[in-house]
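Residue numbering begins at 1 within each chain, and the chains themselves are lettered A, B, C and D in the order written.
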Amino acid sequence: MDEMKILTFAGSLRKESLNKKLCQQVVNFLQAQKLADAEWIDLRDLEIPLYDEDIESTHGDGTPALVPIGVQKLWTQVQEADALILASPEYNGAISGVMKNTLDWISRKKPSPIAGKHVLFLAASQGALGGVRGLWHTRVPFEAVGCHVYPEMLGIPQAHQVFDGDGKIKDEVTKQRLEKLLQNFVHFLQ
Amino acid sequence: MDEMKILTFAGSLRKESLNKKLCQQVVNFLQAQKLADAEWIDLRDLEIPLYDEDIESTHGDGTPALVPIGVQKLWTQVQEADALILASPEYNGAISGVMKNTLDWISRKKPSPIAGKHVLFLAASQGALGGVRGLWHTRVPFEAVGCHVYPEMLGIPQAHQVFDGDGKIKDEVTKQRLEKLLQNFVHFLQ
Amino acid sequence: MDEMKILTFAGSLRKESLNKKLCQQVVNFLQAQKLADAEWIDLRDLEIPLYDEDIESTHGDGTPALVPIGVQKLWTQVQEADALILASPEYNGAISGVMKNTLDWISRKKPSPIAGKHVLFLAASQGALGGVRGLWHTRVPFEAVGCHVYPEMLGIPQAHQVFDGDGKIKDEVTKQRLEKLLQNFVHFLQ
Amino acid sequence: MDEMKILTFAGSLRKESLNKKLCQQVVNFLQAQKLADAEWIDLRDLEIPLYDEDIESTHGDGTPALVPIGVQKLWTQVQEADALILASPEYNGAISGVMKNTLDWISRKKPSPIAGKHVLFLAASQGALGGVRGLWHTRVPFEAVGCHVYPEMLGIPQAHQVFDGDGKIKDEVTKQRLEKLLQNFVHFLQ
């Protein structure tokens, strides 16, 4: 079959985000193993504003042309992907505001670019629990817009000690758990 | 006892937001009935950006002075309030990104300005269900930061037909349900 | 391909349960349309007790032979099914105790008979909202045991007026929504 | 003020349940410190069946007399308590079926014996995470029936190593965290 297109992005903006590093390692592994045509986008580059219906209705007339450029780009990339792999921090036991705001914008396009897509959730966290509680909260709105959320998830605790200076995962156990999960997910997609 | 200070704000930004109108009616009622010293703030005026740790660490040195001014204002107002009444739309069956992003900023201050506060949630929605499912998702991170969330909530369905041209609630049944809930909440606080 | 085996059961016990009727209509439709080899089981017949680890350890020695017969039957039937269609009432905004207790027993078998199965959730409710809020709570533990929960769900409000004396769905709109959803689910499975 | 009445019970049935032991330690501490008039009930003794509406309607005529005796006892005890402290295991990332079934029965009485009560949730777990994820799922239906759920919760990980042969908490850090939380909860109630 044709190679699967997988889009990855992180639910945090800061440059040294552990979840961005995680996305990059996912892309590297999927490409190196020829498991998928994987791409990472940095939400910071898209400069997506906080959702405000007036942005659409004041500057817009219902045509996508007047929606923020970054949002339009994301619509296209989500639409073209066969599946998403999203890495998101846990803020206050829940979804990050950045991730939720991104989904709120994605869901404004009709027909939906994200309905029916398969999604795998990952988290990197400096805490002891790896952000998995946040992921259980994060799943909900993605399922509500029609995503097939993969049951298994991976939260990486103490993640600030897990990546080396080049952003590679130096902890062998974590690396193997991640790679096994990615293989299972791609296998499931096929 | 001294008059209770209650802060209200809405989880959406657009000018004609139904949830902003709801906040204003809450303030009007509480003031008119001398139930509380109530205040509404418009998040749009605070110009709070999407949460980005680099904003704190690049422009900041750990002192609150370099955090966005709007965030600092909100910290003070939340801190000074005895309780919060929050009106928030349901986006994709869940918390609005704007509301979550606001909470993510609030929770960055130590000691927490919001822990231990009592919170009442309301929702105005153009849909048939009134946004209550979204409120159940919205409660979670507020509880996680230590808020006492009031069990009863009110979702107003078909809310675009409920307010008149002056932003007053013209539907008598809805008006009475709201006023009864506000009275119960203030009574509980006392 | 071979015909898909689909198992259905309801999360309530009473004889005239609306959710049991819904299960039966699901089976009738899937069989009549030759969409799947579908079977309904009545949890009441299985006489599954409340979960109590002492039942396993007192009467049992780790071999399945001493687990309640009804639980063992259910293990086998879940294991043999390709997918599950579950209809469950909403009790107190959440999963029914009967459904959760059933899952708690199912999850005791190793290797898991339910991990990796696709599940579609339905609800019949006498209320105005159709029990969908309860289903969002019901999804969580099924996802936690590794099920692929289908994103779309169907809640039937005022369900006591929807079935005729023979247990058939007399409301044409509801009937068509259900049948369309079942077709989509089976199509997705294939 | 008069002494507060606090009722405690556990969401599991087995005799050696860690959550039952936890309840007993809670009662011992509250009594010894004269913080409250605390009582523990063992759900096993109440012999509450799985909820089945036919039990009410077949054997019953709407009068409480024909509801299972254990349920009626629980109704009275919940009604007479000022607050509840509940210890519940996490099963499949969610509420235990036993706890949910118990709440389903409690909620059948009108007027509600549990609405407006304050509830503190604890969990003892053999796992590494202490069952807190399950507690976040457990809160939901209690809030839906009108309980004021205390924001802070305590999950005790590796709990099988935490109790000594007499059921006392031998781990000093855990003991102090529990006692501090109980003091805070009682202080909040007052």
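A few points about this structure:
Operating definition for what follows: a residue touches a chain if its C-beta (ideal position, glycine included) is under 8 Å from a C-beta of that chain, and two chains touch if they have at least 3 such contacts.
Here the structure is a predicted model, which is why all the values come from computation and not from measurement.
In this structure, the chain pairs B-C and A-C differ in their number of contacting C-beta pairs, and the larger number is found at A-C.
In terms of the distance between Cα centroids, chain D is separated most widely from A.
Taking the mean of the C-alpha atoms as each chain's centre, chain A and chain C sit 31 Å apart. Centres computed as Cα averages put chain A at a distance of 28 Å from chain B.
Centre to centre, using the average C-alpha position, chain B and chain C are separated by 38 Å.
Within chain A, residues 93, 136, 140, 143-145 each touch two or more of the remaining chains. Interface residues of chain C, counted against chain A in their complex, comprise 115-116, 136, 139-140, 143-144, 146-152.
Across the complex, chain B meets chain C through its residues 93, 129, 132-133, 136.
Of all residues in chain C, only 12-15, 17, 44, 48-54, 57, 91-98, 100-104, 107, 137, 140-141, 144-145 touch chain D in the complex they form.
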